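Order as written gives the chain letters A, B, C, D, E and F; numbering starts at 1 within each chain.
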Amino acid sequence: MNSDIKLFENGKRLDGRKNDELRKIKIEVGVLHRAEGSCYLEWGDNKVIVAVYGPREAIPRHTQNPLRAIVNAKYNMAAFSVGDRKRPGPDRRSREISKVISEALENVILVEKFPRASIDVNIEVLDAEAGTRCAGLTAAAVALADAGIPMKDIPVACAAGKIENQVVLDLGKEEDNYGSADLPIAISPRTGEILLLQMDGHLTVEEFDKALDLAIKGCYIVSDIQKKAILEKYQPNSEGK
Amino acid sequence: MTIIPSIKRDFLVKLAEDGKRADGRKFDEFRNIEIEVNVISKAEGSAKVKIGNTQVLAGIKMDIGEPYPDTPDSGVMITAAELIPLASPDFESGPPRENAIELARVVDRGIRESEVIEVDKLCVVPSEKVWLVFIDIHVLDYDGNLFDAASLAALAALLTTKVPAERFELGEDYPLPLKEPPISCTSVKYNGVVVMDPSLDEEAIAEVRLTIATDKNGDIRAMQKGLNGSFNLDEIKKIIKTSLDNGRKIQELLYKSAGK
Amino acid sequence: MTIIPSIKRDFLVKLAEDGKRADGRKFDEFRNIEIEVNVISKAEGSAKVKIGNTQVLAGIKMDIGEPYPDTPDSGVMITAAELIPLASPDFESGPPRENAIELARVVDRGIRESEVIEVDKLCVVPSEKVWLVFIDIHVLDYDGNLFDAASLAALAALLTTKVPAERFELGEDYPLPLKEPPISCTSVKYNGVVVMDPSLDEEAIAEVRLTIATDKNGDIRAMQKGLNGSFNLDEIKKIIKTSLDNGRKIQELLYKSAGK
Amino acid sequence: MNSDIKLFENGKRLDGRKNDELRKIKIEVGVLHRAEGSCYLEWGDNKVIVAVYGPREAIPRHTQNPLRAIVNAKYNMAAFSVGDRKRPGPDRRSREISKVISEALENVILVEKFPRASIDVNIEVLDAEAGTRCAGLTAAAVALADAGIPMKDIPVACAAGKIENQVVLDLGKEEDNYGSADLPIAISPRTGEILLLQMDGHLTVEEFDKALDLAIKGCYIVSDIQKKAILEKYQPNSEGK
Amino acid sequence: MNSDIKLFENGKRLDGRKNDELRKIKIEVGVLHRAEGSCYLEWGDNKVIVAVYGPREAIPRHTQNPLRAIVNAKYNMAAFSVGDRKRPGPDRRSREISKVISEALENVILVEKFPRASIDVNIEVLDAEAGTRCAGLTAAAVALADAGIPMKDIPVACAAGKIENQVVLDLGKEEDNYGSADLPIAISPRTGEILLLQMDGHLTVEEFDKALDLAIKGCYIVSDIQKKAILEKYQPNSEGK
Amino acid sequence: MTIIPSIKRDFLVKLAEDGKRADGRKFDEFRNIEIEVNVISKAEGSAKVKIGNTQVLAGIKMDIGEPYPDTPDSGVMITAAELIPLASPDFESGPPRENAIELARVVDRGIRESEVIEVDKLCVVPSEKVWLVFIDIHVLDYDGNLFDAASLAALAALLTTKVPAERFELGEDYPLPLKEPPISCTSVKYNGVVVMDPSLDEEAIAEVRLTIATDKNGDIRAMQKGLNGSFNLDEIKKIIKTSLDNGRKIQELLYKSAGK
C-alpha cells in the first residue's frame, strides 16, 4: 500500500472508469465440445474458462454423500496467467478459493436430487488481472446452467473496494495492489442472499456498508450479462443469429 | 466434520428457540478465554490459548533469509497450521487438508493484511537479508472455533516475541515491532439463529459461518464467510456489532496477558 | 482411455473396410486446423490451436535463471503439460500421470532435439544468468490427437514470443531466436488400416500409434511409437510419406497464422 | 564431539547434577478434553504432550490385523520445538522413532483383545532438549493408562550415556551434543524386560554394562513418578486435592 | 552436438568398432533367488538387472483388467549409475521409458491367459553408458522367459544412429552425446514386426531407412545372444557345464 | 513381512528345540558371505555383498556442495536405501516406507556416529565448499538380514572409494579418508532361541531383533533393537559376545576383499 501511487487522475480511475463502473465483461456459453456445460468469460483483462461435468458417481467412493451431490469446484491458474510463471498445480490460495466457490455454488444447486454424485466445476484462469475469484464463480454459474444442472438461481459475484479513501466498484490490478481494501462477494440475485463474502484491508463500518451495497449493485449488473449470454445461446434467433 | 445424530441437532435447535445454548451462554457470548504466554523455551515467542475446551498453541521462530523479489526491503512472514491428530479423533495425519489450509490462510491474512508485523522494520541488508517470521499454529484440543483461538494464539505469541538478533550477531535482542492487532470473532448460524464462538456441537450443525476481525478503533480489518449457507444484510450488520463488542474485551485480555 | 462399446468399434472398422472414416475424411487427411496467436496477455507468447474439436493452449513465460552446469552458455527450456480435468471427463486432477508425462516429453523433445529454440543465443552472463523458457501446454478440449495439437500450439506460441528484456533491464524486447521448426503428424492403426490425425473414437480403438516430426527439407526430426501394437516396415515408410505431405501444409498454415 | 567443551565442573555436571541423577520430571494426566487419554510431561526442558485415541476401527482397512490391534504411535516435533525451525511433518528420524516406540508399546498392550482395531498414540514434542524419545514413550504410557487401554504393565524409558569417560544418567542437551555415547532404553518395570534399546557412540563392553544398569535404575525412578501422577488423578483425595 | 569432437579415428569408431559392430554383450539368466525370473546383462559398459514377478493379482484392484493381464515394466536408474548422482525415484524420462517398454512387452506376452493379473518387470540400471532402454528391454525379455511367462516370441532391442554423417550401429556414450541422431527400436524377431520405435535428431528419409535396416540387423544379432544365454541355463550340459 | 503358515513356524521351532536351524547352521553362525568390490564403473566406489541368497549393492557418489551451517569445516554424508521391487515380491515401488527408512537410518548411523568417514578431511573451502558423500544402498535380492548386508556393502564400497578430485579440478584423486569401521551383526529371537544372521523365514517368525555394531578393539559402536518382543539382560550380553566373534571374522573378510 504505497502512498506514492496515484489511483485517480482528473477524478477518474486509472483506466478511466467512474467509481461505480465495472470493467468490460464478455461471456460466451458452450465453448467446449467435451464438457457438459462450459463458459468462457473475459472480465477486464481477466480470462477464465469453465467446464462442468456431472452429476456423475463421485470418485473415490469415500467422498460420496448418500443424501446429496457434492459440488467439487477446482480453481486453477494456468502457469502463464500471471507476471512471474506460476508453478503448476494447486497452492494454498487456489485451494481456499476452490473451497469458498464450492460452498457458494452448493447453496443454489439442488444437490438433494443427486445422492452419491459429484458435480465437477473446473475453473481455469488463463489471464489474471485482479478479481479472478469473482470472474471464476460468475463463469461457473453460467457453465452450470449450460450443463442443465438444476439450480434455485444463477449466482453471481462482484467485488467492491477502497482506494485513496473512496469506495469503488470492481478493483483493477493497480487498485488491488495499492488500494486499502477489497470485498469480493457472491449473491443469489433472486433473494439477495450473500453466498460468498471475504474482506481484506481496512474499512470503517460505514465504508463497509457502502462497499457491500456497491458490490451488490455490481452483482446485479453482472447477473444481467450472464442471463443475456445464456439467452443468446438458447434463443439465438432473438438476436438475429 | 463430526456427524451429530439428528436428536442432538433437535436438542440444540429447541434450546435456541427458547433463546438458550447448551452450555448456558447467551447467543453473543464467548466461552471463557485463557491466554498463557512464553510457554515454549525454544521459540522466539509463544502462547497457549484456551477458549472453553479448545486449546491452541502458537510458536514463533525467526531466521535470516532472502526477501521476496518484489519487496526487497521487507521481512517475510510464513504461517502454517497443523490439525495434528492429537487434537481430535477426526483429524488425520498427512499433508494439510482443506480445513487446515483455510485455517492457516485466515490466520495469515488476518495478520498480513492488517500489517500487524511491521515487516518494513525487519530488513537487514536490502534485497539480500531480511528477518523471516514463522508462525506455527499447533491445535492441541479441538472443541470448536479454531479460527478465533488460532488467531488469538498467534497474536499473543507475536506480542511476546523477541527478535533473536544476538544469535545472528546482529546486536541485541529486541521486541518484534508490531502494530495494534485486530481481533477475530466467529459466528455461525443454524435454524435462523446466529451464535458467537460456536462450540464443537454448534459448528457441527452450522449452516453458515462468518469470521470478522475488528480493531481498537472499531474498524473492520478482515472477513471470511464459510460453509454453504447464506446470510442476509441484517444478519451481517448484527454480527459486525457483536464482533466489535467481543473484540474490545478480547483485546484487553490479550494485552493484559502479554504483560503490556 | 475411454472404453468404446464394441458396436462402435465394429462401425468404425466396417467404415474403414469401405475406405471411409466416420467424419468423412480420407485416411491421410487432417481435420480442420485453426491457429490463433497472442491470446494470453500475461504470457511472453501464446497460441490456441484447434484440430477439429481438440483445443490446446500453449503459453510461454520467460525468466532469468542459472544455466545447467554442463551447458553454461545456453538458455534452458522447460516443458510442462497438464491434462486438466476441464478438457475431458476422463482426466483427473492431481500430479501429472503417464499420459501427461509422455505428452510433455514428446513436445519437449520435438523442440529440444530439433534445436528450434536457439538456446546458445539466450545466455546473459555465462555460467550465471541465462534465459529460461517455460513452455506450458494447457489442454482445453480433448477430442483426439493431443500430440500434434500440443506440438503445434507450442510452436505457434514460440513464434510469437518476445524476450521480455525490458522487464529485466536487459535492453529492448526482441523476438525469441528460433530455427525452422519441424511439424509433428500422428497416425494410428486399427484393423490393418492406418489413419492420420485420429479422432477420439479412432484413438480409443487404435492398436498402435506413430508420431513423426518432419521439417521443410523433408527430413525426419523425431519419431515416437506408442501403444502395444506393432508396425511392419512398409507401414512405417507409408506413414513417413503422408507425414511429410501433411507437415508441409501445416507448416505453411503455422507461418501464416504467426504473421511470418 | 569437540574435546574443548567441558562437561564437568567441580565434579558436577553442567546443570549441577550428579552422575546418577535425573533431570526434573513433571507429569500431568488427563490434560486434553477430546482425547480418550492424555498426558503432559516435562523432563528437564523437554515438553511433550500425548493424546490416545482408540481402540477404534483401523483405517484404511488394509492396515487392519484380523487377530489383534495395531499400535500406531506418531512422534512429531512442533516446528518451534528446536533451535532452527523444523519443517512440519514427518522426517526420517521421526518416522524411525515412531516405529520403535510403537513396537515397545505393542509389547505391553493387550492387543489380542481388539482385533481389527487401531490404538493411536499421538506424541507431540513441544520443546526439545535431548531425550525426547524417552520422554515421549514415558508420557505415552501414562496417556494409555489414562485412556483405560488394558496393558500388562506401564512401560517407562530412560537413557544413560558417556561423557568425558564417565557413564552418567539422562544426558542433557550439551552432554548429548558433546558426549561420546547415548543409550536410550525402555523397560517393562514389572519384569525388567527390555522393550526399546538403541545405542550410538562408543562404549567398551564394561561401560555398556554399566550404562545399561544405570539406565534401568533411571527407568525405575521415572516409573515411580508415572505411577504417582496416575494415582493423583484417580485418587486425588489421597493427595489432599 | 559439438563439431569439435571427433567420433572417428583412422576409419574406426572411438572404441575401435566398425560401423555395423555391436558393443560386447554378456547375458546371465536366473541370477536372483527371490524373483520368478531374472537376468543380468552387460552391454558395453551398461549394466542392467531385471526381475520378473507374476502373473499375480494386480494391486491396487482398480488397475485390474478383467480380460487380460497388465504388463507393468518399471525402468529405474540406480542413483550411482550416472556421472552426477541421480536423485532416487522415477522422473519423467524413466516413466516414459517404463511406458514404451511395457507396451512393447505387452505385444508378445499372452496377456489374455491371465485376466486380472499383473506381470511385473523390474528393470534396474546399475551402470549407464548410452542405450539403457535397449539393454533393459532385451534383459526384460530374457527374464520373462526365465520366469516361464508364455510369449509369442522373445523380443529384442537395438539402436542405430548417425555420427559425422555416417549411419552406425549401437551408439556408445560419446557417440550418443555428440552424434546427430539415435534410433532405438525393438522387434519381434520371428515376424520382424516393430514393437518399439523412437527417433531423436536429424535424418534424411534415406538415412532413416538405412538406420532402421541396420538396427533390425543388430536386433537379430542380439536375439542370438539372448537365445544362447537361455539355452545355457536350461541345457547346461550342452555347454559342458 | 511375509506371512508364514504356522506349519512352517512349527517346523522351525521344532528344529530349534533340537538345537538346529533349517539350513544346518549353528545358532551363532552366519551364512556364507561374499564381497565383490568395484562393480559399478560410474560410481566413485561400489561393492556387492551376498549373505547367503541376500544380495545388496552399495554405490558411492561424490560431489561438491555446501556444508551444514553448524559444521562449516566438515564434509557431508547422505545415506539412502531403496527396497526396490526387484528384490522381493513384497516390496512395492513408491516413496521409501518405514522399513526402508529404518534400514537407511541404521546404516547411516552406523557410519556417521562411528565417524568412519573422516568428514573433517573433506572440506574444500570452509563454510562454502565441502565434499558430499552419497551412500546409496540398492537391495537386489532379499532373503533375510538386510541390515548387516547393507552395512557391509556400504563399508566395502567406502573402502574402495576414490575422491574424484580431478573431475572437480581439485588435484589428483585420492582414497576417501576412513577410520576403522565397526561391523554390524544382527540376531533375532523366536520361541526363546536367539539366532545370528536370520534367514527370511527366521525373520518372519522373529519376535525381537538386535543389531550390534562392534569394532576391532571389541568395543560397541551402535545398537538397534527392533520388533515388539523383548530381551532380558542375559540375552543381550550373550548377543554382544557372538556379535564380537562374528564381527572379527567379517572385518577380516572385508579388508581382504577390499584389497587392504
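Following the convention adopted for this analysis, a contact is a pair of C-beta atoms (placed from the backbone, for glycine too) under 8 Å apart; a residue touches a chain by one contact, two chains touch by 3 or more.
Please read these numbers as outputs of a predicted model, since none were measured by experiment.
Chains touching both chain C and chain D: none. Ranking all chains by how far their C-alpha centres lie from the centre of chain B, first place goes to E. Seen from the Cα centre of chain C, the chain whose own Cα centre is farthest off is D. Chain B and chain D, compared by their mean Cα positions, are separated by 32 Å. Rounded to whole angstrom units, the spacing between the C-alpha centres of chain C and chain F is 48. If each chain is reduced to the centroid of its CA atoms, chain D and chain E end up 52 Å from each other. Within chain A, no positions touching two or more other chains are listed. The residues of chain C never reach two or more other chains; the list is empty. Arrangement of the chains shown, judged by which pairs touch: one closed cycle in which each chain has exactly two touching partners. Here the chains make one closed ring, and walking it from chain D through chain F gives D, F, E, C, A, B. Within the complex formed with chain E, the residues of chain F that make contact are 39-43, 46, 53, 55, 57, 59-61, 63, 80, 82, 84-89, 93, 95, 134, 136, 138, 140-143.
Those residues of chain A lying in contact with chain C across their complex are 32-35, 45, 47, 49-51, 53, 56, 74, 76, 78-85, 88-90, 120, 122, 124, 126-129. Interface residues of chain C facing chain E in the complex, by the touch rule stated above, are 98, 101-102, 104-105, 109, 113-114, 210, 218-233, 236-237, 240, 244. On the side of chain E, the complex with chain C involves touching residues 92-93, 95-96, 99-100, 102-104, 106-107, 183, 188, 191-205, 208-209, 212.
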